[in-house]
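Presented sequentially are two complexes of chain A, the first with chain B as partner and the second with chain C.
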Partner chain A sequence: MPRELATTARILPFDRRERSAAWWLCAPTAVLMLALLVVPTLAVLALSFTDAELGVREFSFLGLDAYRDLFTDRAFLGAFRNTAIYVALVAPASVVLGLVLALLIEAEVSGKAFFRSVYFLPVVSLTVAMASVWQYLMHPSFGPMNLVLKAVGLPGVNWLGSSDNVLIALALIGIWQAVGFNMVLFLAGLTAINRDLYAAAEMDGVRSGWSRFWTVTWPMLGPTTLFVVTITMINAVKVFETVATLTQGGPSKASEVLLYTIYKEGFVYLHIGVASAMAIVFVGVLLVLLLVQTKVLEKQVHYS
Partner chain B sequence: MKPALVLRNLVKSFGTQGILNEISLDVAPGEFIALVGPSGCGKSTLLKVVAGLERADAGDVVLDGADVTDMRAADRDMAMVFQSYALYPHLTVRQNIALPLAMRRLNGFERLPLIGALKASTRAKRTAIMRDVERTAEALRITELLDRKPAEMSGGQRQRVALGRAVVRRPKAFLMDEPLSNLDAALRVHMRAEIVSLHREAGVVTLYVTHDQEEALGMADRVAVMIGGKILQIATPEAIYHDPNHMNVAGFIGSPKINFLPGSITHNGGVTHAGRLLKSGLNGPERKVTLGIRPEHLRLHTDASQHAIPLHLNRLEFLGSEVIAHLTDPSDGSRLIARLQPDEARDLTHRSALYASASSEHVLVFESDGTRVQASRIPQQETASHAA
Partner chain C sequence: MTRRTVSLTRFVRLGLLALGAAIIVFPYVFMLSASLKPPEDVFSASLSLWPQHLAAYENFSKALTRIPMLRILFNGALVCSVIVIFQILFALPAAYALAKLRFPGRGLLFGLVMLGLLVPIHAISIPLYAAAQISGLLNTLAVLIVPFTLSVFAMFLFRQFIKAMPDELIHAARMDGLSESAIVWRIILPNAWPAASAFAIFSVVAHWNDLYWPLITISKTQLATPPLGLLFFRSAEVGDDYGALMAATLIVTLPLIVFFLFAQRLFIEGVTMTGLKG
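== the complex of A and B ==
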């Protein structure tokens, strides 16, 4: 017993010193986090309840009315709806295509590195620069996409100029951007699968590639798929560059999306209060997506 | 009796690296063969070739009289147990064990989760599968685990489930790839007995790959020692231990390791080490050889005799039921090990100069290329030394 006491007494000051060292080591990050993340977020939250405008001295507190106004604003609701459609088009297609590409590349004996780089190029290329390429590709009269359609006898499509097609056209670009990234994530997930499982499946009489996929690959890719779906949806919700460079929300607001609307309210019309409320809704959407995916789906994809 | 499994001249190499070098093996029906060897000797590759998971460059695999060399693994009707267990982590134990049955008895449509169950015939098949799964689970005493997932079980339980998945469909052969290596020592010993009794009940050919010689000797009907892509010897555990046909077999099997001493064969057929005659009655010209004496066959005593090897005792290691003596041979400085009964060791404690002898049938003689020099047929009655 005395010996135990002696030991504790000897450890305590050391422990205290270690604690303060820990605080000092954390301090730079903590301060930065507070200054750059927590305080601005709180400021935005505060501003969202007001009708503040940049350059206008006085503003009034609207409280929850700010949000009521937002959800009766047709432009905002339109942006909300367009973003939802965009996500619904981009996320499933780019996840499925990314998986298919990863499976094809994984099965490929030679040229793995080549195809991996080719499909990854859109991820590393500058979206704003690539937008002009897409503008050319989708040009209604001399764009290659329409030339191909016409060559096979189909009517050309007014990709970016028609309010019926513009979201689809933007979604195509979004898919093109996301597929490479998803493919790389799936490739990483595929290499992490224990090879013995495939051997076991073969011994158990799993013959076709189709049943092998459903018996081993798909279940084992669960955590990867969850991550890919989450990341893809978040990225799709954040669509901005292609809209800003190619359509500016047009024609007739058919491609107004959340982030672009926030940008316009905040930086073009200088309606800081409205933009803040929109930003809070936007962050709320992202948080809900994250929560649903981590809490609900995580239980079903992690086996250990 | 016709062999149940025949491996004929199997050759396999990765690039220029030879992995399997003309492997041939006949396995009798119901026989338990342990493939043992150091890591990298090709034993796991050989098992995969037998399973059909890897293709051999040349040679044949014949199972129950049918050449299965060109048949894929799924069609060979063998079952495999893996070191990593390789259970499907998203399936319950019940589903894991049922999977090989479902794959073989149900077609793709019948395996669909809901639609498949609509037809009465399918329902009957599924009931039969579940009955078989439960019977297997009972035999392996894992019934209470049936609804758990692999992550919720210990290593030993998982390996039991993996065994269940292998035995449930009554395959023509069991292939086991170091199934016990991931278990702790106590469990390993326990599972050895379980696997042997499982094998007895199923009565099918079993190839058991291990690097653990105790497992190989303790479980198998015959042990195949594989070193460097070759089966050096295949024989009963007793023969492998007492009558190895190659220096590498003698060196690999046995713990503590066999003692090797330089020796020579004299013109009259005697075998000597440092001028002391240890064995006689061998044929052939005078030449240098290597002598192998197992630690338990070295007898230590304090009185000199002309056949005994003088040794220096460095240390005694007390292990409870036995004592290990660490010795040095002053003639060339090499280390030797002797294994003694505790009461034999008692008088030695305060001595450093000792003499060792071994009866002549325990002195194994190997040529410089490693092959065994077999004693001539004259019965060897005389011992090389008359130790007390």
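== the complex of A and C ==
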């Protein structure tokens, strides 16, 4: 996308009036960008090579050793691993469910708007509040989830209190919240598919809904799907609210995730050097996801 | 395909949709139910939704008084609306310049927009916190607003939208003698309204929900936004008073849900247009 700038600009000298107008229009934003984005980003980058602590005057420059230390730090690796597991649980499930719901709703004539609204509710509900509700639902002894399980003869589960289950429990909340969002994006993708393609496929002998999906819908939905997958992954990497509300990284660090660890290192233990290095790695993860998105999307554009 | 199989697929489809909807609604139903129940009823481990003794009054008065609930809701509304106004005010002129004007530094500015799209506030919160501390902004409502007055996402979105507008529109305005900033506010803004409203929805949902930044910068209950206020409520609580907690969650969840129910189309369009943002 940034490339098109260079190509659309005609090779002419800049019009003076236009130039000064543009600078005036951009000046406030440029100042804000410098203060709120550029300087802070450079500061984090610089801090990440040090062992600085808030309130301690002296610190030393560690250089790349700071990152080597980070990648041998068991707490950080644990947080990295937990985040990866969380993403691996939330992304596939919420994408597939979002797609299935969108297909079901799209095919439905009546009640379309009703179902769409219901599934969208979690997106507009305060995460911290709904996390509290889930805490009640998942309470081991009187939580409705275990009561339902017991009612059908299954044993209750210690959802948030056991280090084996806590990531699964958090992922269930994450999936519950992301499904409606993904569904709306898929619905938009589905409406954008040209109806004539379905007619053409039917003439070519594609009859059943199943083969119609695989010959027309799925290929045409490719860019949307990729989009939804990367957005869901990026959002899942940023998981924070549910962890901060429900588990604070516990039990026994089983739900320490990247953002929560950065928050604790930086603002509870005041290890701002370490926290900065973690923040840089965190941005690196986001960068990889964004690059994958733009690279693959660029390729897809040629087919559409 | 016979009529019978069609109605059977429809039956299955509606069944699946209803089952899914039930799972989505499940937490809301129990939130509402528990907010009416006294602790004994909650602990009684029964799935009955209606309380044996109605404790709605106790629960909701706790929710409203244990933390300054109305003040907190007001803080949230104020912070979100001021943020969104500033974001549009700053982003729109720059987006117009990026989309329609040629000037040296345009590439650099756009590069910075891309950098901003990549780097979330969480990653740069340490220097921003230090700056807030030095300038004495910690524990003020201003600190909840200032870092978000710049939205590179708004710049990106508006730029895309304005780029698609016909150049003739702008040429005609110039012929009429409008200055560039008059063009932004009198020509571009009305025409970019769909993008602006979609962005506004996105921004309000994001900042109404945000916990990270308020958690770091605000320690006074009076200045909390709804997510932080709820955390204060939880820590002020003794024992498992889920009835009162559910009443509090209901109160803080309701405003945005009501807003959504009244402006559904706007929300859905907002997500579809701003879905770009991760």
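One rule holds in what follows: the second predicted complex is superposed on the first by the 283 of 304 C-alpha atoms of A that agree within 3 Å, B and C clash if a C-alpha of one lies under 4 Å from a C-alpha of the other, contacts with A are read in each partner's own complex, and residues count from 1 in each chain.
The rule is simple: a contact is a pair of C-beta atoms (placed from the backbone, for glycine too) under 8 Å apart; a residue touches a chain by one contact, two chains touch by 3 or more.
Predicted model only: the values in this text are computed from it and were never measured.
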First (chain B), second (chain C), both or neither touched by A:38: second
Dominant toucher of chain A (residue count), chain B or chain C: C
First (chain B), second (chain C), both or neither touched by A:63: neither
Touching partner for A:196 - first (chain B), second (chain C), both, neither: first
Partner chain(s) touched by A:127 [first = chain B, second = chain C, both, neither]: second
First (chain B), second (chain C), both or neither touched by A:205: first
Shared chain A contacts, counted only where both chain B and chain C touch the same residue: none
List of chain A residues in touch with chain B within their complex: 194, 196-197, 199-200, 202-208, 210-211, 215-216, 219-220, 222, 303-304
Complex interface listing, chain C residues touching chain A: 9-10, 13-14, 16-17, 20-21, 23-28, 30-31, 34, 42-47, 90-91, 93-94, 96-98, 101-107, 109-112, 114-120, 122-129, 131, 146-147, 149-150, 152, 155, 179-181, 184, 205, 208-209, 211-212, 215-216, 226-227, 230-231, 234, 240, 242, 245-246, 248-250, 252-253, 256-257, 259-261, 264, 267-268, 271-272, 275-278
Chain A to chain C touching residues, read off their complex: 2, 5-6, 9-10, 12, 14-15, 18-19, 21-26, 28-30, 32-33, 36-41, 43-44, 47, 97, 101, 104-105, 107-108, 111, 113, 115-130, 132-134, 136-137, 139, 141-142, 144, 147-148, 151, 176, 179-181, 184-185, 188, 209, 227-228, 230-231, 234-235, 238, 240-241, 244-245, 259, 262-263, 266-267, 272, 275-276, 279-280, 282-283, 286-287, 289-290
Of chain B, residues touching chain A in the complex: 48, 51-53, 72-74, 78-80, 82-84, 86-90, 99-100, 103-104, 108, 111, 149-151, 165
